[in-house]
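One chain, chain A, appears in both complexes that follow, with chain B as partner in the first and chain C in the second.
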Partner chain A sequence: MRRIFWRIALYTSVLLVTTIILAPVCWMFIMSVSSMTDLTARPMQWLPATMDFSRYRMLLTFEPNSPGEIFLLALRNTFLAAAGASILSLIVGFPAAYSFSRLPGRRAPLLYLVLSTYMLPSAALILPIYIALSAFGLLNTPFSLAVVYCSIVLPFVVWLLTGNLNTLPREIDQAAAMDGANLWQTIRHVVLPLSGAAIGTAALFGLLLAWDEFFFSLILTNDLRAKTLSVAIADFAAGRATDYPLIATAGLLSALPPVFIAFFLQRSLVKGLAAGSVKG
Partner chain B sequence: MSGVTINNVKKAYGGFEILHGIDAEIQDGEFVVLVGPSGCGKSTLLRMIAGLEGVTSGTIAIGDRVVNEVHAKDRDIAMVFQNYALYPHMTVEQNMGFSLKLAGRKAPAIRTSVEQVAGFLGLSPLLRRYPRQLSGGQRQRVAMGRALVRNPKVFLFDEPLSNLDAKLRVQMRSEIKSLHRQFPTTAVYVTHDQVEAMTLADRIIVMCGGRIEQVGTPGELYEQPANLFVAGFIGSPAMNFLPGELADDVTSVLLGEQRVSVKAPGHAKPRQRVTVGFRPEHVRFCDSGGIHFKVADVEFTGANSYVTGHIGREQICASIGGRAHVKAGQSASIAIDPASIHLFDTTTGKALA
Partner chain C sequence: MFIIVLGVTGYPLLQTIWLSFHSRPLAGHDVQADWVGLANFKTVLENAAFRAAVARTLYFTIVSVLAEAMIGVMVALLLDQEFRGRAFVRALLVLPLAMPTVVSAMMWRLIYNPEYGAFNALLLQIGLIDDYRSWLGAPGLAMNMVIIAEVWKNFSIVAIIVLAALQTIPRELYEAATIDGAGPWARFRNVTWPGILAPLSVALVLRTIEAFKVFDIFYVMTRGGPANTTKTATFFVYDESFAFLRAGSASSYALVVVAISMVLIAIYVRLLRRQDQP
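Then we have the complex of A and B:
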């Protein structure tokens, strides 16, 4: 009797959580296939009279001076900036994490310093970054956005990888040294292959952190050459005749890539986050 | 192959000294065991020989070359770690061949060497497996194999058997011993287990609190312990110690009310306070005229019986072959051969010799 009660309570709460998470997404989908009149009608029309997928076609067709052009270019820019930030952060972050985890010395304060930059509000950083980029003529490019995103992604990547490397027994590196491996060979043949899950997790989180970013992109980009999805969607909303279904469609489409990546990397993700709790 | 010379080596961590000047000479091809209680600095010393820890002061030489500043990878030493430290993402074959691959040997040559050593250690059927697919004993063997393949100048072992169950430990112990007989490479072996030390070693270095207490063959340590620590550490069950006082003529010692004749060295002083040590296996029960002994407990293990009891207020243990003919609560009389009595200066703890 009690067990049944707990079971019902459990399933109810799972259902509740799922509903809370999925309801906005569902509503966004309904909006995206509704017509403008459905959405502005009084009383509210919860389900559209006909399903209208035309905005999907509109956004996914590349035509000059159309919402499609804006959306697809923003998608490209977002991808370049997010992937660039993620890759750059890994290239710099892995050696940093290795050094924090393995090399002797008093580096702990430095690690906290790295983490504290993660806590800095973007608003405090934006002015110096803007001035620096403008001095180098690097405003309004996805590449410079990627570099700037590293300020968000890199501390996180270093922190995650350091934690994961700390769970890898030092004796394994030392065994490699006894086998005649230099630092580079140790990292290349032993540490890197054993950090695959952690690196995957770090890459994914880096990608997601950068994908959603709004503030830096808003300030540092100003046209289609570099504008990212979050800013492009905001622009759709700022137009004179706001097209709600179009905004909903753009929002839904821009959420799809990270969802797909997360879905396929889920295994590695869970492994990377759980490393250390289970010894392999 | 080469020996290892350790000259006044000290190690400090952040100003806190844990090795206080170690001197040791390990001969080419010798099997030396570093033994001592946990935390006495054995592993630290071994890791300094390996090059995994820096030397605070003093020198370590392998062969004729001082290696203080030589990186671990260039010392040509192999080490077997307590937790084996196999590469989890490599097969047994890759684990064993890794050093040869790094050394730039060709794949067929690596394969030949690995297969030869694997055959030797009974690992041939396991070459394709990953470490996680092996039992503890098999992993241990792979760790040994990885060291053997390299044919290094020196082997280092840090408590390699302590993660195995008792039966496997005894088996691996004798395998290590016979391996060393076939490949007499210099070996330094760390353990806290004195039985392991006694059975494996050509020579034993007994350490305590960051110092060397005594160096010698198993026989020397057993028969002529240099001090109370070594006397109590080597041998199982441990040596019995009783407080005593030398007689005026220094040929006997007063144990409680009993006078027991001993062989004291010439420089022993009359009426000197001494600690009398004798091993449980050197105690005999006699009919009468011996030392008065009150039996507290008898443990029969099959081959031996351990009889614990008291002389005066001091507890001692006697080890008797086969069954003991005494019972708990009974009074008995024991005798100790004067030749097997050890005398120690009570204040310094050093053997009177």
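Then we have the complex of A and C:
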């Protein structure tokens, strides 16, 4: 009897958690395929009379001066900035993480310093960055945004990779050294292949962090040459436009790439989160 | 790496400190910056509105991180049990985490919509409210409604990290504890809690620091309104620099935010290091 009660409580709780996670997102989808009349009806009809996918088509066709143009250009800018920041951070972050993990000397304080720069509020850096970029005429380009995003992505990448490298036994490096490999060969042929999953996780995290960024983009971009999705969505949401289904569609579409990536690499994401945090 | 860290973090930070002692308009790059000493900090610290914003931000941070911790741990304990469809529900945890903050803020703004939001419709149809309300337009309410949105977005980070920690606790420990006559609470207290404490506190590090510098979710959901009741500390930096174009005093606002963040960061880094060297 107690067992049955326990099972019921368990499944009820699971159902509750699932609903809490899914319901808002499902509602956003329902909004995106509803008409305004469906949405404004009282009492609320939860399901629209007909599914209307016209907003998806509208946002995904490139036409001058349309929401589609805004959306697609913002998508391109976001991708350039996020991928740029991720790649740049991996290129310089991996050697840094390796030196934190392997080279002699007390580097722990330095690692914590790097970690704390990741936590620094963007507001602390925005003014000089703005003044400097405007002096060089580099405001409003996705590439300067990519470099600025490194202030967020790079410390996190270093932190994550160092944690992961620490879980690789040092004996592997030593064995390679015994076989006559120099430092570069050890990294190239031994450590790098073994860190594939960690690098994937770090790249994924870099993309997610940069895709999510808002503050820098809001201030450092001002039109479609560089404006990213997060700022475009905020504009949509705050604008006088009352086409709420369109706003919901734009939100859903711009959430798709990061959600898709996160689910695809879920295993290494969870593992990386856990390993990174346990190791600090 | 250090060149990039210095370029995008170190140099701007020093420059912000330099600016905070000067009076300088934002526009132009060869404009005069006058030394004003501590005058900017005096303005900032004497600004009652800013002090209220800092208190508000701390309220937001403490309430949302505590809620995320509690819900996160409970969900992790739940998903550690055996049940059908467990892999699916675990995978779902990634959804709020991967959802961009701005999109989630926009989604909740639409859900709370005073005219036809789903939140109003739901509460009305189950009979909890008599009429539609403006959830984000009521001064006392808006902050807590944003906190709900924030917790929805971020509890899963805590849940994922704690769940991973739970899986590293050997089952034999639970069995041994049961044989020794430990009840569910004693098992949690003596076996589970020590196993999840370290990763949990690290997860809370990130959450606390992220929550304190919050800007985007409020920018999208309330713009600091109604009547400035959701205007967080970062808004002052934003307004001072890009609405009033005063780079000097804006830097002072920024540095006060940084100083508070630094205290939080320092507390947690200490915590982290202590756990690294048991």
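Operating definition for what follows: the second predicted complex is superposed on the first by the 255 of 280 C-alpha atoms of A that agree within 3 Å, B and C clash if a C-alpha of one lies under 4 Å from a C-alpha of the other, contacts with A are read in each partner's own complex, and residues count from 1 in each chain.
Going forward, contacts are C-beta pairs under 8 Å (C-beta built on N, C-alpha and C of every residue); 3 or more make two chains touch, one makes a residue touch a chain.
Being a predicted model, the structure only gives us computed values, none of them experimental.
Participant: Kindly say whether there is room for both chain B and chain C on chain A in the superposition, answering fit or clash.
Facilitator: fit
Participant: Roughly how many degrees, to the nearest 10, is the angle at chain A when you join its Cα centre to the Cα centres of chain B and chain C?
Facilitator: With chain A as the vertex, chain B and chain C sit 90 degrees apart.
Participant: Could you tell me if A:Ile87 is touching chain B, chain C, both of them or neither one (first, second, both, neither)?
Facilitator: The answer is neither, since A:Ile87 touches no partner chain.
Participant: Is A:Leu224 contacted by the first partner chain B, the second partner chain C, both or neither?
Facilitator: A:Leu224: touches no partner chain.
Participant: By the touch definition at the top of the document, which applies to A:Ile129: first (chain B), second (chain C), both, or neither?
Facilitator: second
Participant: Regarding the shared-chain residue A:Gly180, is it in contact with chain B (first), chain C (second), both, or neither?
Facilitator: Touch status of A:Gly180: first partner only.
Participant: With the two structures laid over each other on chain A, which partner does A:Pro169 touch: chain B (first), chain C (second), both, or neither?
Facilitator: Once the two structures are laid over each other on A, A:Pro169 reaches chain B alone.
Participant: Would you mind checking which one, chain B or chain C, touches more residues on chain A?
Facilitator: C
Participant: In the superposed arrangement, does A:Leu138 touch chain B (first), chain C (second), both or neither?
Facilitator: neither
Participant: Going by the contact rule set out at the top, does A:Gly251 touch chain B (first), chain C (second), both, or neither?
Facilitator: Second partner only.
Participant: Just the number, please: smallest Cα separation between chain B and chain C in the overlaid arrangement, in Å.
Facilitator: Between chain B and chain C, the shortest C-alpha distance works out to 18 Å.
Participant: Of all the chain A residues, which ones make contact with chain B and with chain C?
Facilitator: 280
Participant: Can you name the residues of chain A that touch chain C in the complex?
Facilitator: Per the stated touch rule, the residues are 10-11, 13-14, 17-18, 20-22, 24-25, 27-28, 31, 39-44, 46, 88, 92-93, 95-96, 108, 112, 114-117, 119-132, 134-135, 147-148, 150-151, 154-155, 158, 208, 211-212, 214-215, 218-219, 229-231, 233-234, 236-238, 244, 247-248, 251-252, 254-255, 258-259, 261-263, 266, 269-271, 273-274, 277-280.
Participant: In their complex, what parts of chain C are in touch with chain A?
Facilitator: Listed in rising order, the residues are 1-2, 4-5, 7-13, 15-16, 19, 26, 29, 75, 78-79, 81, 83, 85, 89, 91-111, 113, 115-116, 118, 121-122, 124-125, 152, 156-157, 160-161, 164-165, 198-199, 202-203, 206, 209-210, 212-213, 215-216, 219-220, 223, 234, 237-238, 241-242, 247, 250-251, 253-255, 257-258, 261-262, 265, 269, 272-273, 275-276.
Participant: Write out the stretch or stretches of chain B touching chain A in their complex.
Facilitator: The contact residues of chain B facing chain A are 50-52, 71-74, 77-79, 81, 83, 85-89, 98-99, 102-103, 132, 146, 150.
Participant: Flag every residue of chain A that touches chain B in the complex, lowest number first.
Facilitator: Of all residues in chain A, those touching chain B are 169, 171-172, 174-182, 185, 189-190, 193-194, 280.
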